[in-house]
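Okay, structure first, notes after.
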Amino acid sequence: MNFGRVVGTIVSTSKDPNLEGLKLLVVQHVNMDMKDTNTFTVAADGVGAGIGEYVLVVTGSSARLGTNLKNRPIDAGILAIVDAVEVEGDIIYRKEEEAAAR
Amino acid sequence: MNFGRVVGTIVSTSKDPNLEGLKLLVVQHVNMDMKDTNTFTVAADGVGAGIGEYVLVVTGSSARLGTNLKNRPIDAGILAIVDAVEVEGDIIYRKEEEAAAR
Amino acid sequence: MNFGRVVGTIVSTSKDPNLEGLKLLVVQHVNMDMKDTNTFTVAADGVGAGIGEYVLVVTGSSARLGTNLKNRPIDAGILAIVDAVEVEGDIIYRKEEEAAAR
Amino acid sequence: MNFGRVVGTIVSTSKDPNLEGLKLLVVQHVNMDMKDTNTFTVAADGVGAGIGEYVLVVTGSSARLGTNLKNRPIDAGILAIVDAVEVEGDIIYRKEEEAAAR
Amino acid sequence: MNFGRVVGTIVSTSKDPNLEGLKLLVVQHVNMDMKDTNTFTVAADGVGAGIGEYVLVVTGSSARLGTNLKNRPIDAGILAIVDAVEVEGDIIYRKEEEAAAR
(Lines give C-alpha, C1' and ligand atoms only; values in the text may rest on other atoms or scores of the structure.)
Protein backbone atom coordinates (compact mmCIF):
# COMPACT_ATOMS: atom_id res chain seq x y z
CA MET A 1 0.00 0.00 0.00
CA ASN A 2 1.12 3.55 -0.32
CA PHE A 3 -0.07 6.54 1.58
CA GLY A 4 -0.71 10.13 0.85
CA ARG A 5 -2.73 13.21 1.59
CA VAL A 6 -6.18 13.81 0.16
CA VAL A 7 -5.96 17.09 -1.73
CA GLY A 8 -8.85 17.18 -4.13
CA THR A 9 -11.93 15.84 -5.78
CA ILE A 10 -12.91 14.89 -9.29
CA VAL A 11 -16.33 15.50 -10.78
CA SER A 12 -17.55 13.39 -13.66
CA THR A 13 -21.01 13.05 -15.18
CA SER A 14 -20.16 10.85 -18.17
CA LYS A 15 -18.89 7.70 -16.56
CA ASP A 16 -19.27 3.99 -16.32
CA PRO A 17 -22.52 3.11 -14.48
CA ASN A 18 -20.52 0.99 -12.07
CA LEU A 19 -18.66 4.08 -10.86
CA GLU A 20 -21.94 5.81 -9.88
CA GLY A 21 -22.06 6.93 -6.28
CA LEU A 22 -18.33 6.61 -5.68
CA LYS A 23 -16.35 9.58 -4.43
CA LEU A 24 -13.16 9.97 -6.47
CA LEU A 25 -10.37 11.72 -4.60
CA VAL A 26 -7.01 13.10 -5.66
CA VAL A 27 -4.31 11.77 -3.34
CA GLN A 28 -0.88 13.40 -3.28
CA HIS A 29 1.82 10.90 -2.47
CA VAL A 30 4.11 11.74 0.42
CA ASN A 31 7.58 10.55 1.35
CA MET A 32 8.53 9.08 4.71
CA ASP A 33 8.83 12.56 6.23
CA MET A 34 5.21 13.11 5.22
CA LYS A 35 6.32 15.75 2.74
CA ASP A 36 4.55 15.98 -0.61
CA THR A 37 6.17 14.29 -3.57
CA ASN A 38 5.38 15.25 -7.16
CA THR A 39 3.22 12.21 -7.87
CA PHE A 40 -0.42 11.58 -7.15
CA THR A 41 -3.16 9.09 -7.81
CA VAL A 42 -6.92 9.13 -8.09
CA ALA A 43 -8.56 6.75 -5.63
CA ALA A 44 -12.11 5.78 -4.75
CA ASP A 45 -13.02 6.61 -1.20
CA GLY A 46 -14.02 3.62 0.90
CA VAL A 47 -13.89 5.11 4.40
CA GLY A 48 -15.27 8.64 4.25
CA ALA A 49 -11.93 10.43 3.97
CA GLY A 50 -11.85 14.20 3.84
CA ILE A 51 -9.58 16.83 2.28
CA GLY A 52 -6.31 17.12 4.19
CA GLU A 53 -6.43 13.69 5.76
CA TYR A 54 -3.58 11.24 5.37
CA VAL A 55 -4.85 7.96 4.01
CA LEU A 56 -3.81 4.48 3.05
CA VAL A 57 -4.38 3.63 -0.61
CA VAL A 58 -4.73 0.02 -1.71
CA THR A 59 -4.08 -0.63 -5.39
CA GLY A 60 -4.88 -3.30 -7.95
CA SER A 61 -7.53 -5.96 -7.64
CA SER A 62 -7.40 -5.71 -3.84
CA ALA A 63 -9.03 -2.28 -4.02
CA ARG A 64 -12.18 -4.10 -5.11
CA LEU A 65 -12.20 -6.03 -1.86
CA GLY A 66 -12.91 -2.93 0.18
CA THR A 67 -16.21 -3.28 2.02
CA ASN A 68 -17.69 -0.23 0.30
CA LEU A 69 -15.94 -0.78 -3.01
CA LYS A 70 -16.95 -4.35 -3.79
CA ASN A 71 -16.59 -5.24 -7.46
CA ARG A 72 -16.22 -1.63 -8.55
CA PRO A 73 -14.10 -1.03 -11.68
CA ILE A 74 -11.34 0.74 -9.76
CA ASP A 75 -7.62 0.16 -9.34
CA ALA A 76 -7.09 2.26 -6.21
CA GLY A 77 -9.16 2.61 -3.07
CA ILE A 78 -8.79 4.52 0.17
CA LEU A 79 -9.25 1.90 2.86
CA ALA A 80 -7.91 3.62 5.96
CA ILE A 81 -7.42 7.08 7.46
CA VAL A 82 -3.99 7.34 9.06
CA ASP A 83 -3.96 8.46 12.70
CA ALA A 84 -0.26 8.16 13.37
CA VAL A 85 2.98 7.05 11.76
CA GLU A 86 5.99 6.06 13.82
CA VAL A 87 9.35 5.57 12.10
CA GLU A 88 12.60 4.56 13.83
CA GLY A 89 11.10 5.41 17.20
CA ASP A 90 9.93 8.89 16.21
CA ILE A 91 6.31 9.81 15.75
CA ILE A 92 6.55 11.51 12.38
CA TYR A 93 2.84 12.12 12.09
CA ARG A 94 -0.08 12.25 14.51
CA LYS A 95 -3.48 13.37 13.32
CA GLU A 96 -4.42 15.56 16.29
CA GLU A 97 -1.12 17.45 16.37
CA GLU A 98 -1.43 18.04 12.66
CA ALA A 99 -4.89 19.51 13.19
CA ALA A 100 -3.74 21.65 16.11
CA ALA A 101 -0.81 23.06 14.17
CA ARG A 102 -3.05 24.56 11.51
CA MET B 1 -6.60 5.52 -11.28
CA ASN B 2 -4.65 8.08 -13.21
CA PHE B 3 -5.95 10.74 -15.49
CA GLY B 4 -4.88 12.32 -18.67
CA ARG B 5 -5.87 13.97 -21.90
CA VAL B 6 -6.98 12.02 -24.93
CA VAL B 7 -4.61 13.01 -27.72
CA GLY B 8 -4.80 10.35 -30.37
CA THR B 9 -6.05 7.15 -31.87
CA ILE B 10 -4.48 3.87 -32.91
CA VAL B 11 -5.53 1.90 -35.96
CA SER B 12 -4.89 -1.82 -36.13
CA THR B 13 -6.21 -4.43 -38.52
CA SER B 14 -4.14 -7.42 -37.38
CA LYS B 15 -5.29 -7.90 -33.84
CA ASP B 16 -6.73 -10.32 -31.36
CA PRO B 17 -10.39 -11.05 -32.21
CA ASN B 18 -11.35 -10.07 -28.68
CA LEU B 19 -10.14 -6.52 -29.33
CA GLU B 20 -12.50 -6.12 -32.32
CA GLY B 21 -14.81 -3.14 -32.08
CA LEU B 22 -12.86 -1.42 -29.32
CA LYS B 23 -11.63 2.14 -29.78
CA LEU B 24 -7.98 2.39 -28.68
CA LEU B 25 -6.97 5.87 -27.59
CA VAL B 26 -3.64 7.47 -26.79
CA VAL B 27 -3.85 9.23 -23.42
CA GLN B 28 -1.19 11.72 -22.40
CA HIS B 29 -0.67 11.74 -18.66
CA VAL B 30 -0.96 15.10 -16.91
CA ASN B 31 0.35 16.35 -13.59
CA MET B 32 -1.78 17.95 -10.91
CA ASP B 33 -1.70 21.29 -12.71
CA MET B 34 -3.23 19.50 -15.70
CA LYS B 35 -0.03 20.08 -17.67
CA ASP B 36 1.22 17.35 -19.98
CA THR B 37 3.89 15.03 -18.69
CA ASN B 38 6.15 13.03 -20.99
CA THR B 39 4.39 9.71 -20.40
CA PHE B 40 1.33 8.25 -22.02
CA THR B 41 -0.70 5.10 -22.18
CA VAL B 42 -2.97 3.40 -24.67
CA ALA B 43 -6.43 2.75 -23.23
CA ALA B 44 -9.64 1.21 -24.52
CA ASP B 45 -12.52 3.66 -24.56
CA GLY B 46 -15.46 2.65 -22.39
CA VAL B 47 -17.42 5.90 -22.29
CA GLY B 48 -17.24 7.53 -25.72
CA ALA B 49 -14.36 9.88 -24.97
CA GLY B 50 -13.19 12.30 -27.65
CA ILE B 51 -9.88 13.90 -28.57
CA GLY B 52 -8.97 16.66 -26.12
CA GLU B 53 -11.09 15.42 -23.26
CA TYR B 54 -9.62 14.75 -19.84
CA VAL B 55 -10.41 11.24 -18.74
CA LEU B 56 -10.01 8.79 -15.91
CA VAL B 57 -8.05 5.67 -16.81
CA VAL B 58 -8.52 2.48 -14.81
CA THR B 59 -5.66 -0.03 -15.09
CA GLY B 60 -5.12 -3.72 -14.50
CA SER B 61 -7.82 -6.34 -14.16
CA SER B 62 -10.33 -3.69 -13.08
CA ALA B 63 -10.35 -2.26 -16.60
CA ARG B 64 -12.14 -5.43 -17.63
CA LEU B 65 -14.98 -4.62 -15.25
CA GLY B 66 -16.01 -1.59 -17.27
CA THR B 67 -19.58 -2.01 -18.52
CA ASN B 68 -18.50 -1.73 -22.16
CA LEU B 69 -15.18 -3.49 -21.69
CA LYS B 70 -16.29 -6.73 -20.03
CA ASN B 71 -13.70 -9.51 -20.32
CA ARG B 72 -11.71 -7.72 -23.01
CA PRO B 73 -7.97 -8.47 -23.07
CA ILE B 74 -7.01 -4.94 -22.00
CA ASP B 75 -5.01 -3.50 -19.12
CA ALA B 76 -6.29 0.08 -19.30
CA GLY B 77 -9.76 1.45 -19.87
CA ILE B 78 -11.24 4.93 -19.98
CA LEU B 79 -14.17 4.76 -17.57
CA ALA B 80 -14.99 8.43 -16.98
CA ILE B 81 -14.76 11.81 -18.65
CA VAL B 82 -13.56 14.43 -16.19
CA ASP B 83 -15.78 17.50 -15.83
CA ALA B 84 -13.89 19.27 -13.07
CA VAL B 85 -10.94 18.86 -10.75
CA GLU B 86 -10.68 20.78 -7.51
CA VAL B 87 -7.40 20.74 -5.57
CA GLU B 88 -6.75 22.52 -2.27
CA GLY B 89 -9.87 24.63 -2.77
CA ASP B 90 -8.98 25.77 -6.29
CA ILE B 91 -10.79 24.57 -9.37
CA ILE B 92 -7.82 23.61 -11.48
CA TYR B 93 -9.87 22.29 -14.35
CA ARG B 94 -13.43 22.70 -15.54
CA LYS B 95 -14.52 21.26 -18.83
CA GLU B 96 -16.62 24.21 -20.07
CA GLU B 97 -13.96 26.81 -19.35
CA GLU B 98 -11.43 24.69 -21.12
CA ALA B 99 -13.68 24.54 -24.19
CA ALA B 100 -14.36 28.28 -24.09
CA ALA B 101 -10.65 29.12 -23.90
CA ARG B 102 -9.90 27.44 -27.21
CA MET C 1 -1.50 -0.86 -22.90
CA ASN C 2 1.83 0.37 -24.09
CA PHE C 3 3.30 0.10 -27.52
CA GLY C 4 6.67 -0.49 -28.97
CA ARG C 5 8.73 -1.91 -31.78
CA VAL C 6 9.59 -5.57 -32.04
CA VAL C 7 13.39 -5.74 -32.13
CA GLY C 8 14.38 -9.23 -31.18
CA THR C 9 13.74 -12.78 -30.15
CA ILE C 10 14.59 -14.92 -27.17
CA VAL C 11 15.52 -18.58 -27.36
CA SER C 12 15.04 -20.83 -24.37
CA THR C 13 15.14 -24.61 -24.09
CA SER C 14 14.86 -24.94 -20.29
CA LYS C 15 11.50 -23.47 -19.57
CA ASP C 16 8.14 -24.03 -17.98
CA PRO C 17 6.14 -26.56 -20.03
CA ASN C 18 3.30 -24.06 -20.24
CA LEU C 19 5.52 -21.69 -22.21
CA GLU C 20 6.18 -24.31 -24.91
CA GLY C 21 5.31 -23.18 -28.40
CA LEU C 22 5.11 -19.49 -27.55
CA LYS C 23 7.23 -16.98 -29.44
CA LEU C 24 8.92 -14.61 -26.99
CA LEU C 25 9.78 -11.25 -28.49
CA VAL C 26 11.84 -8.32 -27.28
CA VAL C 27 9.83 -5.11 -27.61
CA GLN C 28 11.55 -1.75 -27.40
CA HIS C 29 9.27 0.88 -25.91
CA VAL C 30 8.78 4.04 -27.94
CA ASN C 31 7.67 7.51 -26.96
CA MET C 32 4.80 9.40 -28.58
CA ASP C 33 7.03 10.43 -31.48
CA MET C 34 7.65 6.73 -32.09
CA LYS C 35 11.29 7.18 -31.13
CA ASP C 36 12.98 4.44 -29.13
CA THR C 37 13.21 4.87 -25.38
CA ASN C 38 15.76 3.02 -23.27
CA THR C 39 13.28 0.55 -21.83
CA PHE C 40 12.00 -2.70 -23.22
CA THR C 41 9.91 -5.68 -22.30
CA VAL C 42 9.69 -9.32 -23.30
CA ALA C 43 6.23 -10.25 -24.56
CA ALA C 44 4.59 -13.39 -25.88
CA ASP C 45 3.40 -13.02 -29.45
CA GLY C 46 -0.34 -13.49 -29.90
CA VAL C 47 -0.81 -12.13 -33.42
CA GLY C 48 2.16 -13.21 -35.55
CA ALA C 49 4.17 -10.01 -35.18
CA GLY C 50 7.49 -9.69 -36.98
CA ILE C 51 10.76 -7.88 -36.34
CA GLY C 52 10.39 -4.15 -36.97
CA GLU C 53 6.65 -4.00 -36.53
CA TYR C 54 5.03 -1.63 -34.06
CA VAL C 55 2.78 -3.53 -31.71
CA LEU C 56 0.39 -3.13 -28.83
CA VAL C 57 1.46 -4.91 -25.64
CA VAL C 58 -1.12 -5.89 -23.04
CA THR C 59 0.27 -6.51 -19.55
CA GLY C 60 -0.81 -8.31 -16.40
CA SER C 61 -3.55 -10.90 -16.12
CA SER C 62 -5.23 -9.53 -19.26
CA ALA C 63 -2.38 -10.86 -21.39
CA ARG C 64 -3.70 -14.31 -20.58
CA LEU C 65 -7.01 -13.43 -22.21
CA GLY C 66 -5.45 -13.19 -25.65
CA THR C 67 -7.03 -15.74 -27.98
CA ASN C 68 -3.70 -17.44 -28.62
CA LEU C 69 -2.32 -16.91 -25.14
CA LYS C 70 -5.10 -18.41 -23.01
CA ASN C 71 -3.95 -19.32 -19.49
CA ARG C 72 -0.26 -19.07 -20.36
CA PRO C 73 2.04 -18.03 -17.50
CA ILE C 74 2.88 -14.67 -19.07
CA ASP C 75 2.56 -11.07 -17.93
CA ALA C 76 2.82 -9.39 -21.34
CA GLY C 77 1.31 -10.30 -24.68
CA ILE C 78 1.37 -8.74 -28.13
CA LEU C 79 -2.28 -8.51 -29.08
CA ALA C 80 -2.24 -6.10 -32.04
CA ILE C 81 0.03 -4.88 -34.83
CA VAL C 82 -0.21 -1.11 -35.14
CA ASP C 83 -1.08 0.19 -38.62
CA ALA C 84 -1.28 3.88 -37.83
CA VAL C 85 -1.09 6.32 -34.95
CA GLU C 86 -2.65 9.75 -35.13
CA VAL C 87 -1.87 12.32 -32.44
CA GLU C 88 -3.26 15.84 -32.26
CA GLY C 89 -4.41 15.61 -35.89
CA ASP C 90 -1.03 14.45 -37.24
CA ILE C 91 -0.38 10.96 -38.49
CA ILE C 92 2.79 10.21 -36.59
CA TYR C 93 3.08 6.68 -37.86
CA ARG C 94 1.67 4.72 -40.76
CA LYS C 95 2.87 1.23 -41.47
CA GLU C 96 3.15 1.49 -45.27
CA GLU C 97 5.08 4.76 -45.20
CA GLU C 98 7.44 3.26 -42.68
CA ALA C 99 8.06 0.31 -44.96
CA ALA C 100 8.59 2.50 -48.03
CA ALA C 101 11.11 4.70 -46.22
CA ARG C 102 13.47 1.81 -45.65
CA MET D 1 9.16 -9.78 -4.63
CA ASN D 2 11.17 -6.96 -3.25
CA PHE D 3 12.82 -6.70 0.10
CA GLY D 4 13.42 -4.03 2.62
CA ARG D 5 13.84 -3.11 6.24
CA VAL D 6 10.91 -2.66 8.60
CA VAL D 7 11.22 0.87 9.95
CA GLY D 8 7.84 1.84 11.29
CA THR D 9 4.22 1.30 12.09
CA ILE D 10 0.97 2.91 11.07
CA VAL D 11 -1.97 3.42 13.38
CA SER D 12 -5.47 3.78 11.98
CA THR D 13 -8.83 3.69 13.71
CA SER D 14 -11.07 4.63 10.77
CA LYS D 15 -10.50 1.80 8.37
CA ASP D 16 -12.14 -0.88 6.33
CA PRO D 17 -13.49 -3.64 8.63
CA ASN D 18 -11.54 -6.19 6.60
CA LEU D 19 -8.28 -4.55 7.67
CA GLU D 20 -9.09 -5.01 11.38
CA GLY D 21 -6.45 -6.89 13.33
CA LEU D 22 -3.75 -6.49 10.69
CA LYS D 23 -0.42 -4.92 11.60
CA LEU D 24 0.55 -2.35 8.96
CA LEU D 25 4.28 -1.77 8.71
CA VAL D 26 6.40 0.79 6.90
CA VAL D 27 9.09 -0.97 4.88
CA GLN D 28 12.05 0.97 3.53
CA HIS D 29 13.31 -0.48 0.29
CA VAL D 30 16.99 -1.34 0.15
CA ASN D 31 19.36 -1.81 -2.76
CA MET D 32 21.51 -4.89 -3.33
CA ASP D 33 24.09 -3.65 -0.84
CA MET D 34 21.29 -3.57 1.75
CA LYS D 35 21.57 0.21 1.88
CA ASP D 36 18.37 2.24 2.22
CA THR D 37 16.88 3.70 -0.92
CA ASN D 38 14.49 6.65 -0.88
CA THR D 39 11.36 4.60 -1.54
CA PHE D 40 9.17 2.68 0.84
CA THR D 41 5.92 0.80 0.97
CA VAL D 42 3.29 -0.03 3.54
CA ALA D 43 2.77 -3.77 3.94
CA ALA D 44 0.58 -5.98 6.08
CA ASP D 45 2.58 -8.23 8.37
CA GLY D 46 2.01 -11.93 7.80
CA VAL D 47 4.89 -13.41 9.76
CA GLY D 48 5.36 -11.39 12.95
CA ALA D 49 8.13 -9.12 11.66
CA GLY D 50 9.66 -6.56 13.98
CA ILE D 51 11.24 -3.13 13.57
CA GLY D 52 14.72 -3.41 12.07
CA GLU D 53 14.23 -6.77 10.44
CA TYR D 54 14.83 -7.30 6.75
CA VAL D 55 11.78 -8.82 5.13
CA LEU D 56 10.42 -10.10 1.87
CA VAL D 57 7.39 -8.21 0.57
CA VAL D 58 4.97 -9.86 -1.84
CA THR D 59 2.83 -7.48 -3.87
CA GLY D 60 -0.42 -7.60 -5.81
CA SER D 61 -3.07 -10.27 -5.57
CA SER D 62 -0.48 -12.77 -4.30
CA ALA D 63 -0.26 -10.89 -1.01
CA ARG D 64 -3.77 -12.15 -0.33
CA LEU D 65 -2.52 -15.73 -0.51
CA GLY D 66 -0.42 -15.36 2.61
CA THR D 67 -1.59 -17.80 5.27
CA ASN D 68 -2.38 -15.00 7.73
CA LEU D 69 -3.53 -12.54 5.10
CA LYS D 70 -6.19 -14.56 3.28
CA ASN D 71 -8.62 -12.43 1.30
CA ARG D 72 -7.57 -9.21 3.02
CA PRO D 73 -7.90 -6.03 0.93
CA ILE D 74 -4.14 -5.49 0.74
CA ASP D 75 -1.66 -5.14 -2.11
CA ALA D 76 1.52 -5.85 -0.16
CA GLY D 77 2.28 -8.43 2.50
CA ILE D 78 5.36 -9.38 4.47
CA LEU D 79 5.67 -13.12 3.97
CA ALA D 80 9.22 -13.84 5.10
CA ILE D 81 11.91 -12.53 7.42
CA VAL D 82 15.28 -12.56 5.71
CA ASP D 83 18.05 -14.41 7.54
CA ALA D 84 20.79 -14.06 4.95
CA VAL D 85 21.46 -12.76 1.46
CA GLU D 86 24.33 -14.05 -0.63
CA VAL D 87 25.25 -12.23 -3.85
CA GLU D 88 28.04 -13.23 -6.22
CA GLY D 89 29.52 -15.49 -3.56
CA ASP D 90 29.59 -12.84 -0.84
CA ILE D 91 27.30 -12.90 2.15
CA ILE D 92 26.04 -9.34 2.02
CA TYR D 93 23.66 -9.76 4.92
CA ARG D 94 23.31 -12.18 7.81
CA LYS D 95 20.79 -11.55 10.55
CA GLU D 96 22.94 -12.51 13.53
CA GLU D 97 25.92 -10.40 12.48
CA GLU D 98 23.61 -7.48 11.94
CA ALA D 99 22.26 -7.89 15.47
CA ALA D 100 25.75 -8.25 16.98
CA ALA D 101 27.00 -5.11 15.26
CA ARG D 102 24.45 -2.96 17.02
CA MET E 1 8.26 -10.35 -18.77
CA ASN E 2 11.61 -8.94 -17.94
CA PHE E 3 14.90 -10.69 -17.91
CA GLY E 4 17.99 -10.60 -15.79
CA ARG E 5 20.92 -12.46 -14.38
CA VAL E 6 20.67 -14.64 -11.29
CA VAL E 7 23.18 -13.22 -8.84
CA GLY E 8 22.20 -14.46 -5.42
CA THR E 9 20.10 -16.36 -2.98
CA ILE E 10 17.98 -15.50 0.01
CA VAL E 11 17.72 -17.62 3.13
CA SER E 12 14.68 -17.35 5.36
CA THR E 13 13.52 -19.58 8.21
CA SER E 14 10.59 -17.49 9.46
CA LYS E 15 8.27 -17.46 6.50
CA ASP E 16 4.79 -18.20 5.31
CA PRO E 17 4.22 -21.97 5.20
CA ASN E 18 3.18 -21.65 1.57
CA LEU E 19 6.68 -20.46 0.66
CA GLU E 20 8.29 -23.61 2.11
CA GLY E 21 10.49 -25.49 -0.34
CA LEU E 22 10.74 -22.63 -2.81
CA LYS E 23 14.16 -21.34 -3.86
CA LEU E 24 14.20 -17.53 -3.71
CA LEU E 25 16.74 -15.96 -6.05
CA VAL E 26 18.05 -12.43 -6.45
CA VAL E 27 17.83 -11.40 -10.11
CA GLN E 28 19.74 -8.38 -11.35
CA HIS E 29 17.92 -6.67 -14.19
CA VAL E 30 19.88 -6.13 -17.38
CA ASN E 31 19.41 -3.72 -20.24
CA MET E 32 19.19 -4.72 -23.89
CA ASP E 33 22.97 -4.99 -24.14
CA MET E 34 22.79 -7.53 -21.30
CA LYS E 35 24.64 -5.11 -19.04
CA ASP E 36 23.60 -4.90 -15.40
CA THR E 37 21.23 -2.12 -14.39
CA ASN E 38 20.91 -0.89 -10.82
CA THR E 39 17.60 -2.61 -10.16
CA PHE E 40 16.85 -6.13 -9.09
CA THR E 41 14.00 -8.34 -7.98
CA VAL E 42 13.57 -11.43 -5.85
CA ALA E 43 11.91 -14.27 -7.75
CA ALA E 44 10.91 -17.83 -6.96
CA ASP E 45 12.73 -20.36 -9.09
CA GLY E 46 10.45 -22.51 -11.24
CA VAL E 47 13.00 -24.08 -13.60
CA GLY E 48 16.14 -24.90 -11.62
CA ALA E 49 18.09 -21.76 -12.53
CA GLY E 50 21.64 -21.34 -11.23
CA ILE E 51 23.82 -18.40 -10.29
CA GLY E 52 25.05 -16.56 -13.37
CA GLU E 53 22.32 -17.71 -15.69
CA TYR E 54 20.16 -15.28 -17.61
CA VAL E 55 16.51 -15.92 -16.94
CA LEU E 56 13.02 -14.81 -17.82
CA VAL E 57 11.01 -13.48 -14.89
CA VAL E 58 7.21 -13.52 -15.02
CA THR E 59 5.50 -11.11 -12.61
CA GLY E 60 2.10 -10.70 -11.02
CA SER E 61 -0.60 -13.33 -10.81
CA SER E 62 0.87 -15.15 -13.82
CA ALA E 63 3.86 -16.19 -11.74
CA ARG E 64 1.48 -18.46 -9.87
CA LEU E 65 0.69 -20.30 -13.09
CA GLY E 66 4.20 -21.71 -13.35
CA THR E 67 4.10 -25.50 -13.26
CA ASN E 68 6.28 -25.65 -10.15
CA LEU E 69 4.88 -22.50 -8.58
CA LYS E 70 1.15 -23.24 -8.58
CA ASN E 71 -0.81 -21.12 -6.12
CA ARG E 72 2.29 -19.99 -4.26
CA PRO E 73 2.07 -16.52 -2.66
CA ILE E 74 4.66 -15.01 -5.00
CA ASP E 75 4.63 -12.08 -7.42
CA ALA E 76 7.66 -13.05 -9.50
CA GLY E 77 8.76 -16.41 -10.85
CA ILE E 78 11.64 -17.58 -13.00
CA LEU E 79 9.98 -19.57 -15.77
CA ALA E 80 12.73 -19.87 -18.37
CA ILE E 81 16.51 -19.93 -18.68
CA VAL E 82 17.62 -17.80 -21.61
CA ASP E 83 19.85 -19.55 -24.17
CA ALA E 84 20.16 -16.74 -26.68
CA VAL E 85 18.93 -13.24 -27.40
CA GLU E 86 18.97 -11.79 -30.90
CA VAL E 87 18.30 -8.08 -31.38
CA GLU E 88 18.24 -6.27 -34.72
CA GLY E 89 19.96 -9.22 -36.38
CA ASP E 90 22.81 -9.44 -33.89
CA ILE E 91 23.16 -12.22 -31.38
CA ILE E 92 23.72 -10.17 -28.25
CA TYR E 93 23.81 -13.15 -25.95
CA ARG E 94 24.40 -16.86 -26.34
CA LYS E 95 24.73 -19.08 -23.32
CA GLU E 96 27.63 -21.24 -24.55
CA GLU E 97 29.79 -18.32 -25.61
CA GLU E 98 29.15 -16.71 -22.26
CA ALA E 99 30.31 -19.84 -20.48
CA ALA E 100 33.41 -20.20 -22.66
CA ALA E 101 34.46 -16.60 -22.06
CA ARG E 102 34.77 -17.16 -18.34
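Think of it as A, B, C, D and E in the order they're written, each chain with its own count starting at 1.
Here is the rule we use: a contact is a pair of C-beta atoms (placed from the backbone, for glycine too) under 8 Å apart; a residue touches a chain by one contact, two chains touch by 3 or more.
Worth saying up front: this structure is predicted, and the values here are computed from it rather than measured.
Novice: Expressed in steps between touching chains, what is the minimal separation of chain B and chain C?
Specialist: Shortest path length, in steps: 1.
Novice: If you take the chains that touch chain A and keep only those that also touch chain D, what is left?
Specialist: Common neighbours, chain A/chain D: none found.
Novice: Given that chain C and chain E are copies and touch, would you call their interface same or different according to whether over half of its residue numbers are shared?
Specialist: Shared-number fraction below one half, so different.
Novice: Given that chain C is a copy of chain D, what angle of rotation, in degrees and a multiple of 5, matches their CA positions?
Specialist: 145
Novice: Taking the mean of the C-alpha atoms as each chain's centre, how many Å separate chain B from chain D?
Specialist: Roughly 34 Å, centre to centre.
Novice: Mind checking the centre-to-centre distance between chain A and chain B? Centres are C-alpha means, answer in whole Å.
Specialist: About 21 Å, centre to centre.
Novice: Where in chain C do residues touch two or more of the other chains?
Specialist: Expected reply: 60-61, 63.
Novice: Which chains make up the ring, listed in order from chain D with chain E immediately after it?
Specialist: Here the ring order, chain D leading and chain E following, is D, E, C, B, A.
Novice: Looking at the complex, which residues from chain C come into contact with chain E?
Specialist: On the chain C side, the touching residues are 7-19, 24, 26, 28, 38, 40-44, 51, 60-61, 63-64, 71-76.
Novice: Applying the document's contact rule, which stretches of chain C touch chain B when the two form their complex?
Specialist: It comes out as residues 1-3, 31-32, 46-48, 56, 58-63, 65-68, 77, 79-88, 92.
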